[in-house]
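In structure tokens below, several structures.
Shared chain: chain A. Partners: chain B in the first complex, chain C in the second.
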Partner chain A sequence: MRAAKAIWSFLGRADLTLYVLLALVADLCAGFFHFRAEPQLFGPLDRLMLWDWITTYGRFHLAETWWFFVFMGLMLLLVLNTSVCTINRVAGLIRIRSGETGRLDYLLRFSPHLMHLAFLVLLVSMLASYVVGVNLRNNILSPGRTVDLAQTGHRLRLEKMEVEYYQGRRLSFFENRAIDQDLTLAFTDPRGRETVRHLGINKPVRYRGFSVHIKNYQPQTRNRAGRPGWANLIVRKDPGVGGFFAGVGLFVLGLTGYLIQTLRKNARSGPKEQAHGPA
Partner chain B sequence: MGRLKIHLLILLFLVASFPWPARGEDFLVLGEFSVRSLDQGLYELTDGLGRMLTLVPRDREVPPGLAPDEVVRIPVERAVVYSGRDASFLDVLGAAGAIVGVTGHPEDWTLPQVAEGLASGRVAGLGLSSSIDLEKLIRLKPELVLTWDESIIPKMSELGIPTVITYGETAADLETYINLTRFLAPFFGAQERALEFVERSMAVLEEVRAVTKKADRRPKAIWGDIYEKRVLVEPGHSWAAQLIKAVGGDYLFDDIAGSS
Partner chain C sequence: MTLLLNQWTLNAFYLAAGFYVLALAALRFERLSGLLLALGFSANLASVGIKLYGSWPMQAPHQEPFWLVLCLAGLGLGVLLSGKRDLVRGLLPVIAFLALYTALFPKSDYLPFPRSRTVFAHLMVLLSGLGKALFCAAGVEAALFLRRRKKGVRPLRPRLFGRLAVWGFISFTLSLFAADTWSYLGWTSPVVWREYIMTSVMAVWFYYGAFLHLYLLQSWSLGRQAWFALAGLALLFYFAYLPETGQFLMPRFLI
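Moving on to the complex of A and B:
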């Protein structure tokens, strides 16, 4: 019990935040140089889930990737520090409720803690997307071909592809090049029910938590239009997206509350300063 | 003292729980490509497009859950090769004899094993890469296709033929380019040959650099393709640009980054 109290007290120290932030700055400076020197080690973070990256690129190249592991450790410490500080302060605020005069003033005092909570929600959401998400790249399909959606029983079939080519004269270098696509996708759930959606560049399709994006496709020019078409699709599942937006919303709410609190404080202290100021 | 012990225990736990590489385990990163050696002589590869393939020795069982086009039986005995570069790499690895089919105009092939093979009929010409003769390719029963063309992947998957994209999405630098032999080596059991080739090539490159470093004049040069409506050039970090710089040239698009 004493050890738990000591750990709680250590994690709740305000100066710990400062040390952790300074350590993060130093670590990220080192990371910047390693990232620049060995981009091929960190680029795969784009296509791999965090654990897959750690067990391959990360652990086999510790001389270059150590800073990333230190970064994750420091972020964990920052999350724990923020959580404990927030819990302590919020508990304190709840205890002193009776001493407060206005209900609004009392509620506004929670604003900074709401921002801390938002920070935690954002980080956990990001982590969720990188740890339990799905990132299936290079699903190269020709019309009629099917792909499994991460062994969930759901399947995706490319029904047909329609490409619109540039017709104008103003951009001669763009003549006969594809400017828009309409890919018809048919999703089949484990019960055999089919859902049809249309996919294009910058028009991703969403289906049962998955999102489908175009990475590449053919034909891209009219003179290749006679050849068999294909599309390279990226299938993603970001379980953290909802949490991420909720975190952003909470942060905006907290920031707004903090602004109102500051404005109200200034409005109150203004007349006093005038009253006591030089005539 | 008690607190120190707790800190040491936490540290020990963290170190022990880290997935340290086991003895014999290896993970080689070559630009966008990677080669991971697994137990029992298996390899897990990432090709230029980021696709994963598993190389399984002929006398081992294929791990469950893999599609036929995701598994390559090694050493490969029958390969279809699209580019002269890959054919040359196979030649370096002593595996040019495994080439059973190529694309492009037969007269463009200068590698003796391929040119002679095309003449004798041992190597099949599959037509231009943009419209290969699929029936001919199927008759060849290739165990592997080495290509730059991702458009053939759907068809090859349907046929259960493993396909490797040997060109990355960004331009490979000179070191990566030379080291691509190490990426191809496990397919043919030629890892030692690949290492020797890389060491020899890097040594020659260093010799050339030592000589050209003293040059007074650096001729300006570009490397690219000129078309009717556009010019495509190699970026400054590409093997072509680095080769120009190594031999004493001043590459004009040194500040450009991107794909080949």
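Moving on to the complex of A and C:
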């Protein structure tokens, strides 16, 4: 029990946050040089699950990838430190209730902890994205062709491709080049029910937990427009992405709360500061 | 047309860099220096405006150094108007140096691409440039704080460098969220392992995250906090600014 208390107390120390953050800075600066020297070792993290990367690229190139493992260890320590700190401080805030300040001031005091919570949600979601899920790349389809959605019984058919070519003279390098795509996709569930969605560049399509993105396409220029077109699609089932953006939303909410809190504090202390001299 | 616009972008920036250097040289004459800074800012604004005109609705890669100098000059003008003249005197050498470096080592010949046709690509560049400019200003203000303290003079604005760094952290964090969103829309994941710069971007975020904790908890003395903010300048320059610049390019008017 005493050991557990000591560990809890150690993990809740505010100076630990500082040391871990600085260690992360040093580690990432080292990673900067390794990544720049050997980008081909880290690029596969986009298409492999974390464990697959660790047991292949990561494990067999330790001289270049060690910083990534240190990074994961430090992130784990930061997650533990942030969790314990947040629990301790939120518990303390709940105990003191509103005190002499108003209800809004009391609620605003939770803002930094909301940011901490958001940070944890972001990290756990990122981990989920890299540990579980589906990442099917290179689904090359021409109009009329069909692909199975990760053997779920759901199917995806490319119905139609409409290319938007740049027309104008301002962007001369883009003259007659494709600037956007409108791909009509038909999803069919195991019962034969069809759902139609439109996919474009920067406009992924979501369907039953899957997301479909454009990786590449042809034609890219108008003078190849007569030739048969195709689209290379990425099909993903990423259980972390929703949590990630929820974390982003929470962080922004916490940040806004913190700003309001600071502005209210400044408004209250402003006249005093002015009385002593210019700020 | 594109090549012409690219050259105009650079020419306008050479002009901006020239004005910034002249503003630094004319430091003793405050009004003249301020006027030259304003002229530099206008030329800088024209440079990024021309580049945007030649890329819109897309965003050309590696534009951040131009935006960073623009944001720093804008901050300098704002600070000048608010009467903090010593901070402008501290900022001008940084503005002139970064402008000259960006002018001579630009990475400006990359063309925009269809995936950059999103508001998030534009937001990322603007907010990241602004965030880094605020970090730079925090470093300069911290240096002024330390100099005054060394001379035994009572610092005028003991908490300003901390406030600047906090605002920089907010802007930089929002730029990362814009980048994450763009990355998801264009490349399927909020984090894409393509560019080694992502490691240094994370390093900068953690560094100023650490500063934010120091600032809020006040566990370090103001002097140590100021050294921390000052050291951030070196990190920013080597890991976040240099990778966005290119090889030496002799200005055309000198050839």
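Heads up, the rule we're going with is that the second predicted complex is superposed on the first by the 222 of 279 C-alpha atoms of A that agree within 3 Å, B and C clash if a C-alpha of one lies under 4 Å from a C-alpha of the other, contacts with A are read in each partner's own complex, and residues count from 1 in each chain.
Operating definition for what follows: a contact is a pair of C-beta atoms (placed from the backbone, for glycine too) under 8 Å apart; a residue touches a chain by one contact, two chains touch by 3 or more.
Predicted model, so just to flag it, every value in this text is computed and none were measured.
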Contacts of A:102 with chain B and chain C, given as first, second, both or neither: neither
Which superposed partner A:192 touches (first chain B, second chain C, both, neither): neither
Contacts of A:172 with chain B and chain C, given as first, second, both or neither: both
Chain B versus chain C as contact partner of A:54, first or second or both or neither: first
Partner chain in contact with A:218 - chain B first, chain C second, else both or neither: first
Touched chain A residues, chain B compared with chain C: C
Touched partner set for A:92, first chain B, second chain C, both or neither: neither
Residues of chain A contacting chain B in one complex and chain C in the other: 43-44, 172-173
Touching residues (chain side chain B, partner chain A) in the complex: 3, 6, 14, 18-21, 25-27, 29-32, 34, 36, 46, 49-51, 130-131, 150-151, 153-155, 157-158, 176, 229-230
Residues of chain C that touch chain A when the two form their complex: 1-2, 53-55, 58, 111-112, 114-115, 117-118, 156-157, 159-160, 166, 170, 173-174, 177, 180-182, 184-194, 196, 198-200, 202-203, 206-207, 209-210, 213-214, 216-217, 219, 235, 239
Chain A residues within the chain B interface of the complex: 3, 6, 40-41, 43-44, 47, 54-57, 59-61, 69, 73, 137-138, 140-142, 145, 172-173, 216, 218, 224, 227-228, 230, 232
Interfacial residue positions of chain A with respect to chain C in the complex: 14-15, 17-18, 21-22, 24-25, 28-29, 31-32, 35-36, 39, 42-46, 112, 126, 129, 135, 169-173, 178-180, 201-204, 211, 213, 234, 236, 238, 241, 244-245, 248, 251-252, 255, 259, 262, 278-279
